[in-house]
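Shown below is the structure under consideration.
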Amino acid sequence: MLLLQVIVGGLLLGAIYALFSSGLTLIWGMMNFINFAHGEFVMLGMYVALLVVVWLGGGPATFGFAAAVALFVLGVLVYGSLIRHVTRGPMLAQILSTFGLALLLRYTAFWIFSANIVSLPQTSLGGTLNILGILVPVAQLVAGITAAVLTVAMHLFLTGTTIGSKLLAVAEDRNAAMLMGIRPDRMQALAWGLAAASAGIAGALMAISYPWSPSVGETFGLMAFVVVTFGGFGSVPGAMYAGLIIGLIQALSAFYFGPIYKDIVVYGLFVALLWFRPQGLLGKA
Amino acid sequence: MVKQVNRRTVLAGAGAAATSLATGASSVRAADPVKVGVLFPLTGNAAAAGQASKAAVEIAAEIVNDAHPELVGIPLAKDAGIPGLGGAKLELVFIDHQGNPSVAQQQALRLINQDKVNVLLGAYQSSCTLTATPVAERNGIPFVVGDSAAGNITQRGFKWLFRVTPIASDFAAAYMTFFADMNKAGHKVASVAVVNENTDYGTSVGDAVEAAAKKAGLTVSNRIPYSASTTDVSAQVLQLKDKNPDVVIFISYTADAILYMKTMKNLDYMPAMVLGDDSGFSDPSFIPAIQDIAQGVMNRSAWDIGKPGSTTSKINDMYKGKTGRDLDDTSGRNMQAMLTLADALNRAGSVDPAKIQAALIATDLKPEQLMMGYRGVKFDETGQNILASTYLIQLKGKDYKVVWPDANATEKLVWPMKGWKA
Amino acid sequence: MKGTIALCLAFLAYPFVFSNAFYLDIGVALLLAAISASAWNIVGGYAGQVSVGHCMFFGVGAYLPLLVYQHWQLPPIVGVPVGIAISLVLAVLVGLPTFRLSGHYFSMATIAVAELIRLVVSTWDFAGAAIGLQGPAVGRGWYDLTFRGELPYYFIFLGVLVIVLAVTWQVQRTRFGYYLRAIKAGERAARSLGVPVRRTKLYALMLSAAFTSVAGSLYAIKTGFIDPDSGFGILVSVQMVIIAALGGAGTLYGPLVGALILIPLQTATNTWFGGGGTGLTYILYGGIIVIIARFEPGGLHEMWQRIAPKLWKRHAA
């Protein structure tokens, strides 16, 4: 029973990892671009949720949507003003630009919101369900299921719609896509918007049960890298599986070996995976 | 400038006892301010604590610099400035060491060589205190440590280092005395769990508590070190639930402390008592986040706001006016360090480092002269305050109340805690 | 050549012009940053293998001197060669599997290995776990290299920097350097030209690791303290990458130029705005990095090479 409880907790957290990592994998796979500021997008999503709750009220649906919209706009702006100009430069310029961006976003939040830890006021999602003896907090259940649904939706959008296939076409071969009349710039801007929006919603969902401060992005950013590499660059289903698996591994190793070993186990497996299957679980070689 | 000082001194003198006339006369000449270099982490992971401590130290300087006769007992509050230095004021130079030990070292150099400070105070994280204090030692500048808890800070034979705060072994001893009292009172405490964040603070306090508990014959059912940046603690809560100790001691920072309380509620786990070790449990963000689900949680603190109208309550009002929040224990310990320093400066009668050092060594403050609940301030040869002690407080409604030791208790202890069933 | 001599003179004169301990300490920090970024540059710049996990070598180099002091009361300097040896072994262990990976995979792999080491060290009591290790607070003799002033450190660090740059200069001129540039330009083409790609990359990583390890040792001996974050933190790696990229990766003086800009910038923003506690330090710092990446993606060295001839022409005319 205890084991089942641990597993449920791990999967619910893993679903959220999957959601914010799916955004990172999208731009990584599509543009071969490392974004060091992805964790900061998650952090900003959390603050958008807080502002909406404090100023306008409303439940998770309201602030989740608001976080998605706000971060989508930010993602497009970041692409248009910065990323577009460095994307075809040397890889070092990419690292430089997004690392600088991460500092800029983190400390702008710091300036505005101060360093104090904040948490969302108690929402309607307070209680705990008892499903056959397994305790499942409603907030985490809703967050986990929403995250899983959205990640699947992202995958369906990419594979099942015209815009989605245009996006993937740009990822596959930029020049060929241009010849087909697709404007890669627009598609890439869209990808950045989607990536940031998914991070934003994930942040808003995390905010329901997790207290935070502006420096929280660092933790999420590193976790997203691991999930994306684990799943294979550019693969949304890969990020989905990897997110769930890593959530599960963390929960199980925290329970059996102790919490300080949970990340050691994750990184250890990760290094082993890179050794044996460097393209990730579902990545193309 | 000179005029202003005069008028303030005269006003203070008129309002207060005749003794101040003498000091008033000597402070007609405006003395040079005493420069105090203050090192805190104002950015980075510990920024919240650093910023709160900065505000507290600023209030301490205000208490010394302006006339505050209403703060009964606090040395130097009554008159403006430091009488022993001809009414000189404290001038604070703040630096941000970012929680980075090498930046702390570099900025300590800057404060001494560039800003020519007379004395240093800091530096929150033990790692930064460990690297900044040797700079002061080599340059012969007194360094007052407000709240870094690592034991080895005072074990290096330094002559210019003075630590006002109690340290890990003191906390551990206090907890064991408390548990013994509980057992006498019929509240069973046979097994405890120690849950600590795994940086220098959590590890050193956790080790001390575990060792003391074993020595006191208690069973340590779980020892759980964890990383404070963790996003999920359900596995640990399940481990605790599995072993079901009588008391769980948390040595945690803020976000993780809140997360533990929320997760315990979600997983329906409540021990007879949760005892927080200051830090996260004292952060003003903690109470509003958990007051509905963790009623009766206990915490270590040497700070008590006290009854309205008391000196501590007035100090809290000053702090609240500046920051909008109640003073917390961590910031309070830094404030006490600054006030201790001011008292020594007054007795030194000079800004000569050796004189300040001698005055610090001779420090002997009584409990009624302190804003914190120490038994006094008196340094041993290592520079450690041997009269530092602590209260235990309990969350009742929206505030912590002192419940232990009995001599200082303002309310009765509630055992077991009520949690969300209040 | 003229430039090099001028640079040497400037560095030799600096401690006498700015004899204040604080300015000297900035100089020491600058030299340290230049050493580690130049060391990174060998594999990250010349060979184009962007490691974001170089803190693993820095950390090993930093821990060893304090470990030998802590456990056996040996002078910290004894740990320096041990640190180099361990870093070399680590470089082989990390390099052999990960060099099969290209581009971002290599970067990610290095981050992951470094993070794994940081996490393990944080729980390892022998290495001080999360609390870290201290050096001698007061030197027992000259051999402890615990000096009262900053001046000895300045010249020791300067000497090491000169050695690193001299070796890099030598590498640049030899066949080995040519191999590195060929690999950076395109691995497949390099292989078809007969370049022993994997061996070359491995040698570059080992050379780079050894120097980075020395940089770590210098840091620990000077600071007298090391903990997992200041030794193995990801920011340590990122700082090397940023400094090299800012100045111009894959050029001899690029990392030095980057350090000359970034370290004074860091210190100045922290000195002027840090005490205010608003985070303005990092807003400025991040903003400037973004602006340089946006407008000068090749680094300042490239900009200088573009501008310098024009300036020269105008001067001559």
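Per-chain numbering from 1; labels A, B and C assigned in written order.
We take it that a residue touches a chain if its C-beta (ideal position, glycine included) is under 8 Å from a C-beta of that chain, and two chains touch if they have at least 3 such contacts.
Quick caveat: nothing in here was measured; it's all calculated off a predicted structure.
Path length between chain A and chain B in the touching-chain graph (shortest route): 1. Of all the chains, the one whose CA centre sits at the greatest distance from that of chain A is B.
The greater number of contacting C-beta pairs, out of the two interfaces B-C and A-C, is seen for A-C.
Rounded to whole angstrom units, the spacing between the C-alpha centres of chain B and chain C is 38. With each centre defined as the average position of its C-alpha atoms, the distance from chain A to chain C rounds to 31 Å. For chain B, residues touching at least two other chains, in rising order: 43, 47, 50-51, 198, 225. Taken residue by residue, chain A touches two or more other chains at 107, 110, 260, 263, whereas all remaining positions touch fewer. Within chain C, the positions touching two or more other chains are listed as 122-123, 279, 281-282. Contact residues on chain B toward chain A in their complex (touch as defined above): 43-45, 47-48, 50-51, 198, 224-227, 229-236, 238-239, 242, 254-255, 258-259, 262, 265-268, 283-285, 289, 292.
Across the complex, chain A is touched by residues 50, 52, 97-98, 100-101, 103-105, 107-109, 111-113, 115-116, 119-120, 122-123, 234, 238, 241-242, 244-246, 249, 278-283, 285-290, 292-295, 297-299 of chain C.
Residues 28, 32, 34, 82, 85-86, 89-97, 99-108, 110-111, 222, 225-226, 229, 233, 260-261, 263-264, 267-268, 270-271, 274-275, 278 of chain A touch chain C in their complex. Chain A makes touch with chain B in their complex at residues 2, 5-6, 9-10, 13, 107, 110, 114-119, 122, 128, 135, 137, 140, 206, 209-213, 215-216, 218-220, 250-252, 254-255, 258-260, 262-263.
Contact residues of chain C toward chain B in the complex are 20-22, 25-26, 29, 122-123, 129-132, 134, 137-138, 148, 150, 219, 223-225, 227, 230, 267, 270-271, 274-277, 279, 281-282.
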